[in-house]
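A, B, C and D are the chain letters, set down in written order, and residue numbers restart from 1 in every chain.
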Amino acid sequence: MKSRITFIGLGNMGIGMAQNLINAGYKINVYNRTAAKTQELTGDFEQFQTVIEATEDADIIITMLSDDDALKEVATSKTGFLQIMKKDAIHIGMSTISPETSRELYELHHEKETHYVTAPVFGRPNAAATAKLFICTSGNKLIKEKIKPILEVLSQGVYDFGEEPGAANVVKLAGNFMIMASMETMAEAFTLAEKQGLDREKVAEFFGETVFNAPIYKNYGSLIAKKQYKPVGFKAKLGFKDARLATKMALDVKMPAPLLSLVYNRLMSALANGKGDNDWVEGISGGVSNDAGI
Amino acid sequence: MKSRITFIGLGNMGIGMAQNLINAGYKINVYNRTAAKTQELTGDFEQFQTVIEATEDADIIITMLSDDDALKEVATSKTGFLQIMKKDAIHIGMSTISPETSRELYELHHEKETHYVTAPVFGRPNAAATAKLFICTSGNKLIKEKIKPILEVLSQGVYDFGEEPGAANVVKLAGNFMIMASMETMAEAFTLAEKQGLDREKVAEFFGETVFNAPIYKNYGSLIAKKQYKPVGFKAKLGFKDARLATKMALDVKMPAPLLSLVYNRLMSALANGKGDNDWVEGISGGVSNDAGI
Amino acid sequence: MKSRITFIGLGNMGIGMAQNLINAGYKINVYNRTAAKTQELTGDFEQFQTVIEATEDADIIITMLSDDDALKEVATSKTGFLQIMKKDAIHIGMSTISPETSRELYELHHEKETHYVTAPVFGRPNAAATAKLFICTSGNKLIKEKIKPILEVLSQGVYDFGEEPGAANVVKLAGNFMIMASMETMAEAFTLAEKQGLDREKVAEFFGETVFNAPIYKNYGSLIAKKQYKPVGFKAKLGFKDARLATKMALDVKMPAPLLSLVYNRLMSALANGKGDNDWVEGISGGVSNDAGI
Amino acid sequence: MKSRITFIGLGNMGIGMAQNLINAGYKINVYNRTAAKTQELTGDFEQFQTVIEATEDADIIITMLSDDDALKEVATSKTGFLQIMKKDAIHIGMSTISPETSRELYELHHEKETHYVTAPVFGRPNAAATAKLFICTSGNKLIKEKIKPILEVLSQGVYDFGEEPGAANVVKLAGNFMIMASMETMAEAFTLAEKQGLDREKVAEFFGETVFNAPIYKNYGSLIAKKQYKPVGFKAKLGFKDARLATKMALDVKMPAPLLSLVYNRLMSALANGKGDNDWVEGISGGVSNDAGI
């Protein structure tokens, strides 16, 4: 019999993930702060008005929320599920949060005889919808084995980083830093080419087809080359949140990272200029353009 | 009948390229400042002691040299070939040089009723040897058509950037900047992960197999993760030369590029510390490690 | 009759300040975590073993501690003085801490019907000893008037920044950032001059006597020019703490500050390389020298 | 009998300097590209239409021009004075130029048996008018002694940096970098304070009166605090020229200077945004404000 899964957080990412679990035949309960979002789901699922109701009797709880605070609200606050979880139930934390929060959650679950596994994802909403995410995991080995079938339903690949609960978050934040750095790289290169009289789209295509033929360079490269900042795929303020978490993580281990500081300031400037709800591509590429006067 | 080609510059890259032309049945003359290098070539070719002798009667002259000065020496100096080229002969400039030098050469050739086509390459020495280079071109359309078969012998793809002679150099220098920026990106990300207790090789593998699965990230990523700086593939001082040329190019069009400044300073520091002959990966990745105290 | 003052924190700075209050005829109680330090004081004072004993019946409590945590320990922890302060007694916070902590303390004091005034200082230990500090204040106007005579005993000038409790901390942290930025400025300028063949001490003297004839440039300029990093006047780790607090303060109001990021990374690198207990001048100037290979 | 001096370059700075020489009783010839400027001079002087006429029979030639090219035009071009200078006549180069150009001029003069002394100045136009400049010198010792009385007429202090002709230029460019860095420092500090709710003018006043009580911090500090960018005292494009020369000078000796790169990019961005003719204070301080969204 398949486990009963509660899925908390039906944002742009969560909605596709939850749907894939339904499609795979899991019985799922869902909870979202704004209930309307669940109307996008089809098939067999149950919706609840409170976290407590949604998580009672769950074998597995998946959280896919926007930040550390949102996660703590549903997990460890007075109205959170930690207090009522069944013994040996498993919480899979898939949000992009700090390793510190995962380490704390791991301890709290341990005390309650429940389990916490860290499993953040790489991919945009369409990758979530088509089960093409990449998932990084860290935590207790046996528990990770148990949930593997679930993660495989959601992804094209699961990569493990050991038992330390925060490790997968480190990889996720390092990766988001790398994406921002790639955007800065492309924005500077394409803008320089443009100012030298070249067609920036042609330049982007060349690199995306040759030495930089990775999804990040192809997809973001096209958006940056075209200065196409809509529709908003990922908000600048969420990107900045990740730059901030990566900066905090660097501070904790005394890691000077000037390129991280550069993209951190770049996105912070977007927020300071009222563009926090615009796409993070605009936050970075638009900043480079402004500096260059074009 | 195939054209008679003179190939000037048998360095790590040139040697493989010349060999591929020989293998394809071209009659080639070669010239290299240090004649010993030609001993690595096999098959049918002629070696000359001076540029003038090597280029007399050539239909095509290919230059693959280390910098602008070396190119000017063989092309436009008193002992250079420009003065004795046949009318309508073609000079293919494949070195990594400034767009400015290409623009000047184009004009000088034009005055002499000879031709200049810009055709810098992307790829490491083994890509040159296996004809897996990517080539960017710019210059007169008809001339580019004429030399296309030659470039196809050397590469897995030829990408054109129009008639402006410097355009292909802009792409090449922008690309080398992008490679340096990627190395800084990876070095900061992997070092941060390492200081957080993760295995940097595992982190590099993950990114190289997923969102950053491009040659640059796979190949350099592995070197950076392993801190494997030998054998020297491309010297830090040559990398710095390119950072310097890109910086000059940015200056010419008033393009503020803070990430370019960052890698420029990073490599200049390697040179200042006596590491100019070490690999450029060490120049960048070693600098990040030093700052991080590991 | 003069108020009874309790002075908490007899570090390099506090010792001189406490002595000046004794010399001015104030009755003072002192408390320091490591009691030995008080042996440097002369004249009429009383020493206590606990914070509570030291602060009972005090009209005025002055805190001069190394950071936010040390201050919270003596003020708001279970063994702190907040719980036993007399109604209307005044706490003068002179440590270099975050504006946030001052805002919190202000509220907590307000609830207890006691008072908190923010009064951080500029100056090295010898300025503390000779009452040549500059003091910035913020907080309730009437309370600031009341304590003015005390601050005047300690300083050559008191500058007010209004009623918002955190304001004086903002000025102090901004000022410490400016000092670090000046050190980076001088280190780069003098090292550039040195590499160009000039005598860096002569260059430092010139600027210190002419366009930059301010104490910061004269004093730090001489140390930087001579690469004289001992004795340790202010530890790199304390400097980094201030860079960190300034960075946090910038984050809170979304202020991109690339030069702040530069000195933050510079000092963090010193810490990462095991030089946290060396002078902050070495942290910055030594870093510039290392990058320059001299 | 006083030497006959030819003064070339009656810009904002030169006009005051020439007037001071007239006032001191020197017989002076003047030449300026746009003759109208000389109408601002009063007293005994002669104006010429060409450089050659203006410099014939001169014992001393002073040049005070905007850049290296302008200087070469009047000195070493076909219409320049080098060809007609009297044996043992002295050229005092007071412009802000590269050390390289001074080294070249020194050699050229030496070959012609004339002399070149480097003597750039620090100070704004009103300091030039009131003879309050600071002058740095380098070059042949005996020649420097000879011209000392002239330099004393123009300044409040003459500082020597030895016999190497480029040395004084190194100091001048290092100094201009330091001024730009100070502006970035103040702009970041004051903007941070403003965003934290403080009055930036009050903050500027505090620092200008206390730990940073140097002319640079007082004068520029007031302009930056008030965001008062008019009238234009020194154009952003001239400031950028100096950042560019300092960057070139750093490149020549392999000196990584990240803060120099920062202000270089800051001013280049002002130029890229069409603000090259605005004040350099706006170039830097306005850039910081834009990034901060205020």
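Observations, loosely collected:
The criterion applied here is as follows: a contact is a pair of C-beta atoms (placed from the backbone, for glycine too) under 8 Å apart; a residue touches a chain by one contact, two chains touch by 3 or more.
Source: prediction; values computed, not measured.
The chains that touch subunit C as well as subunit D are A, B. Residues touching across the subunit B-subunit D interface largely coincide between the two copies, over half of the numbers being common to both. Among the other chains, the CA centroid farthest from that of subunit A is the one of D. Comparing the chain pairs A-B and B-C, the larger number of C-beta pairs in contact belongs to A-B. One simple way to say how far apart two chains are is to compare their mean CA positions; for subunit A and subunit B this gives 38 Å. Note: centroid distance subunit B to subunit C, computed from Cα atoms, is 53 Å. Residues of subunit A in contact with two or more other chains: 254-258, 262, 265, 269, 272, 291-293. Across the interface of their complex, subunit C is touched by residues 244, 251, 254-258, 261-262, 264-266, 268-269, 271-272 of subunit A.
Interface residues of subunit A facing subunit D in the complex, by the touch rule stated above, are 258, 265, 269, 272-274, 290-294.
Taken together, the subunit B residues at the contact with subunit A in this complex read 99, 122, 134, 136, 157, 159, 161-162, 164, 166-167, 170-171, 174-175, 177-179, 181-182, 184-186, 188-193, 195-199, 202-203, 206-207, 209-217, 246, 249-250, 252-260, 262, 288, 291-293.
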